[in-house]
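Two complexes come next, and they have one chain in common, chain A, joined by chain B in the first and chain C in the second.
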Partner chain A sequence: MRFLRGGGIVGFIIRRVLLGLVVLLLVSVIVFVSTQLLGDPARAILGRDATPDRLAALHKQLHLDSSKVGQYFHWLGGLLHGDLGTSLASSQPVTSVLGARLANSAVLVVLAAVVSVPISIAIGSYAALRRERIFDTVSSNLMLLLAALPEFVVAVLLVILLSTNVIHWLPATSPVPPGTHAWNYPSELIMPVGTLVIAVAPYVSRIMRASMIEVLESDYVEMARLKGLPERTVLIRHALPNAIGPVFQVIAINLAYLAGGVVVIESVFNYPGIGLALVDAVNNHDIPVVQALAMLIAAVYVVLNLLADVATILVTPRLRTRL
Partner chain B sequence: MSQTESAPALAEGVDTPTPPVRSSTLLVRSLRLWRTRIGAVLTLILVLIALLGPLVAPHGVTEFINKPYASGSVSHTVFGTDYLGYDVLSRFLYGGRSILIIAVVSTAIGVILGVVIGLVAAYARNALDDVLMRLMDVIMAFPQIMLALVAVSLVGAKNWVIIFAIALTTAPRVARVARGAAQPVVERDFIGATEAMGLSRVRILFGELLPNILGPMMVEATLRLTYSIAVISALAFLGLSANPDAANWGIMIQKNQGALAFEPWGALLPILAIALLTMGTGLIGDGIARTAAGIDRERGE
Partner chain C sequence: MTGSGEKRWQVSEGDGSLWHPSRRGLVMGAGGIVAAGSLAACGSGSAPAPPGGSTGAGGAPKKGGDFRLGVTGGGSKDMMDGQNIVTKPDQARLVSAFETLLEFDDNYQLQSTGLAESVEADNPKQYTIKLRSGITFQDGKPLTADDVIYSLQRIGTQANGLTGFAATATMDIKNVKKVDNLTVQLPLLTADSTVPQTLASYTFGIVPKGYSAYKGDPSTQIGTGAYKLKSFTPGQQSVSERYAGYWRDAYFDSVTITDFSDSTAQINALKGGQIDAMTDLPANQVQAVKSSGVEALISQTGGWIPICMAIDIAPFNDPKVRQAMRLIIDRQQILDQIGSGYGQVANDLYAPFDEGYDKSLPQRTQDIGQAKSLLKSAGKEGLNVDLHTTNGASGMVELASVFASQAKAAGVTINVKNDPNYYGDSYLKLAFSVDFWGTRGYLNQVQQGSLPNSPYNETHWPPSSGEGSNFQDLYKQALAETDASKRTEIEQEMQKAEYDVGGYIIPYFNSLIDGHSSKVAGLKPSKGTLNLAGFGHGFRTIWFA
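Let's look at the complex of A and B:
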């Protein structure tokens, strides 16, 4: 396995991309095999009308008459061409069924990421600097308690606070009508995005604080201080780049979590994104949609982790010697 | 850090193996912190409610009391009735047991699997490391709640399916942290020394490496337990359970939340219970993390 080593940073990145593709290929096999367990989609569509003739005809139409391996490669070939198949529930192409849903979920995830990542890095770093003082004590304890709360509990608590029992500021559900864009309903976005931010920010800020404290206690930061560098330079040039390494991984994991974990939050707020689409597709035995969503969420995860690994290597010179 | 800076430190013997902290020592010492004590008390109360609640419940789980959402004074109960007209307090006392047991069992399986895989990967430092971590990536590519959701809808909302799904999705996340914590330890000189002494790989992994990452692993385990409780109650909240009207905190929140404005206890009690339980385990984990960090600091001085 010599080819898996060497080549410096470029070699590492190429290797990592290839490994990412292998992971996606394995994911596609798992997705395909496990969705076979959902049963015969032709039978599910036809229901009681399933005469042998009609079943055979539909099998041919859905390419279910070939072998399982043939079906897999047919499906994979379609994926590579951007053809995700036809939704069994609506008889529309999966891409057009999921397009609007995907845009809605992307709005949620991007807004949540844009709000939560800078906030949590700032809070975590500042808490590390003001260690054991009032800001650190308050923010760390608050983040700790928020981090522990399940997101649907946060969501329901927000509903209690902001739209039913205490004050009636915001709508309790966010049913963006079909054919319209989620960003046209900012008041409906506040609660789902707020829930996602509360779900992610504590975790990232906690890791940032821990990482920063570890770095601040390290020999090289002490060295930099002893050399008489201004505190500002010590923090920004020496501490922050080293502290942020472990945080990339956590941000990547949390962003991937956002992409998949919107399921619960979209259900609470009845928000028409991919999470709600997944729940519907699973209940309707709409196999092409389940396959497409599983592949999509998995691909988001693989890409984010790839970026995190590369970023970690780039900011941690020590690890480069192992390449 | 440049080579010239680190070399003298090594020569002075800074990197001598420190005797690892025992997990019981870590736990006892962490109880000196108020946050661990508060966390332990919260967790203990909720665990007692979940485990012993059914013994003290005034009414049965499916005992009809009054019309749905009758207030306490109308139905002569403490917290009124729920969406089915059953006693909220009794359903609450019954509703935590299954969540707690499934969470503990699935987390334990997942953490043990994850630690073993993470240690093996960190120590291997070769193609096996790549293969193991890529396999973990494949599993992690499916978010925990999504994998559990699909598994439950494929096979059914049986307890073993939920335990399997949670353990399977917990293991790679633990493995990643275990590998990350073990990697710097593997680089240290005393591991090379144990290799030179001819210790078996199993001894090196579990006798030398594991004790050195016990702090982060205990923190990770409590964190994972917190997440497992969240996912398991979320599955029930989404309506994915064998009995959609079972006495279960997640189901209670989902079914009773429509009455939040006028008869809130049916949803509020289980929300508070899950919130306090997860906050309790979260506080314990943080207490252990702080204690482990404190011990490391003492050693460093």
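Let's look at the complex of A and C:
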């Protein structure tokens, strides 16, 4: 098994990318098989007007009359060429249906990450420093409370507080008009991004706190302090790099979760992203769109996990030298 | 660009001299005038709203503003066609840009306020349509007989797959003739006194010659309506702007229709002032939203959700079993639980706004004892049946579950089968199922759902023998009958048969509940099928106070 080792960090990345592709191939089989359970899209399209003649004509038009295996390879081939097929509901290419929505969702997730990661690392680290004092107790319990609330409850509470019932500061929904970009409407982004930040921050800050406490109790931190280094340097140069390894994994899992979990947030705020598109596609039995989104979300998981692994290895000399 | 584009014609509807002809009153026999509402050319500013005033802030209508409407029920299937719809936002878009020859008023009575000055029956098998002069399409071209012929033939071509096709069955669609620039002769294959009603259905919009559905270019969507499509993204939003040459008054500068995936976001947007009106306010929110400056518009419609028993499939091929089922249901409880009390208890008959609706038949109420003895004499004690339903319209699944729990009292076990593939897989072939219908006149509804060749005949009505077996003959007689009272007699004979041995259980007629901000004026309840009083009659009888 020599080919599975060696090559340093580059070799590691290549191996992980190849492994990721295998995972995605397996996912594609599962996605294809499970979307067959959505039912016959021709029936969903025709609704009450589904007569046998019209069904047969539409089956032919949608290439649903060939064998399942043939359909799978036809779809997979298209996928590899970047051709995601045609949406059954809107008769538009899937890429053009999802393009703008993908950008909108990406804006949400990236903003949520950019805001929540530094905040939660800071909160977690500071809580570890102030262990079992006021800040730690308050922040730990608050984070536990927020982690216990489902996103839609947070979203609805925010809407009641800031948009409709208590004060009217922010727009209650975020319907980015088609043809424009989400970042042109900063006030409409605050509520959904805020909700996502609240959804992610508790997990990251809690793991940061735990990891930091462990590191702060270690011998080498004590050594650094005994050497007379300033607390700032001890913390940032010595403790943080070692504490942050496990945090990367949690961040990756949370962001990947966001990519799929924005569905609820987009629905509450009527935000035109992939989450709403997914709900719509499932309702319409729009199999090409469901398949494209499922593959996309799977790809996001694979890529984020890869990035987290690479980042963990880079900050952990012990792991880095073993490659 | 013709000069007539600048000319403003206006129907004076609020001047007190309004004539309220019913459909029965309109059809006055061979050669009688079918519709001739009071038409007056006015210069400016007379009351545009339908008679009866308006709810909300009153005062003289003002021009201006962008009317933002939030609609649920849309999605990537959204489309635009002057004669077809798939989703609810499509309905709003259609009426913003396209108009019909005749129109229903808020009482569901026909009025000649539309594009036709009159629709006359020359004889029972031929109608003459006279167009109002001076009406232009949104590209400035005048409306002519050619456009009307194209429009009717477009609907009447089966391959086009338009909603109205089934209703053109009696029309000799190939031989629609142009008499002059503003007159069209519509011959019929068989007598049909419901043609004027058909012409007033919103899916009979008049489109310009050569028209086709939206395929990505908004400039192809040219109607005679008040608002011209400017941009449209299916599943998200469409924006339309007021057509300056519109022949009636319209007040908003633009109309924006936004899709909402669920009503919570819709209510929040309305409360927060991001939209001005919304469709389908949940009944439990009617009181709750009041404090936020939101008003509810509650319209009693003739829409219904029937439980359908196929009269030729066991166990419902026995009239006693059908009778027992109709005695098991508690209609008031269903109305309270599913319609939150907003609606009207029904009596297993449809088309409540029709002149011929038989109010004299006794109201059926729950009678478990009678139901049990009927089942016993039919040898069907402890009956166990599957009731098929789907999430096709709100209330369909709930109705099945509530009815199933009511049936337990009579020892009947109803297994609710909620099947997402219901329409298409098994629809119209089932013994026991739930369906939904909108407001229609009696004979139009019979044509759609209660004849052997109807497109949606769930109950397989009429029976081949016994009471009701002459139903189709009676229908044909009624279509040809030009005397209103005689036709009502025939229709009541038809309804008697459906009441006695028919396959429908009709618990109640539902209400439409919509929400709007208190600054929207001109809205009042309507008996029609569409939300928000036909979306403010094509967004032209409402304005910002």
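Basically, the second predicted complex is superposed on the first by the 280 of 323 C-alpha atoms of A that agree within 3 Å, B and C clash if a C-alpha of one lies under 4 Å from a C-alpha of the other, contacts with A are read in each partner's own complex, and residues count from 1 in each chain.
Keep this in mind: a contact is a pair of C-beta atoms (placed from the backbone, for glycine too) under 8 Å apart; a residue touches a chain by one contact, two chains touch by 3 or more.
All of these numbers come straight from a predicted model, not from anything done at the bench.
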A:L142 touches, of chain B and chain C: first, second, both or neither? neither
Which superposed partner A:A56 touches (first chain B, second chain C, both, neither): neither
Which of chain B and chain C A:V114 touches, first, second, both or neither: neither
Touched partner set for A:N165, first chain B, second chain C, both or neither: both
Which of chain B and chain C A:I30 touches, first, second, both or neither: first
More chain A residues in contact - chain B or chain C: B
First, second, both or neither for A:S267, with chain B first and chain C second: both
Contacts of A:V282 with chain B and chain C, given as first, second, both or neither: first
Partner chain in contact with A:V156 - chain B first, chain C second, else both or neither: both
Overlapping contact positions on chain A, where the chain C interface meets the chain B interface: 156, 159, 164-165, 267, 279, 283
Parts of chain A lying in touch with chain B, wherever the complex brings them together: 1, 4, 19, 22-23, 26-27, 30, 34, 37-38, 141, 144-145, 147-153, 156-157, 159-160, 164-165, 210, 213, 217, 219-220, 223, 246, 249, 253, 256-257, 259-261, 263-264, 267, 278-279, 282-283, 290, 294, 297-299, 301-302, 305, 317-318, 322
Contact footprint of chain A on chain C as seen in their complex: 75-78, 161, 231, 233-237, 258, 260-262, 264-266, 268-269, 271-274, 292, 392, 420-421, 423-425, 427, 456
Chain A - residues contacting chain C, complex: 39-40, 42-50, 55, 87, 89-90, 92, 97, 156, 159, 163-165, 168, 171-173, 175, 177-179, 266-270, 272, 276-277, 279-281, 283-284, 286, 289
Chain B residues within the chain A interface of the complex: 1, 5, 9, 35, 125-127, 130, 134, 137-138, 140-146, 149-150, 153-155, 173, 176, 180, 226, 229-231, 233-234, 237-238, 253, 257, 260-261, 264, 267-268, 271, 274-275, 278-283, 286, 289, 293, 297, 300
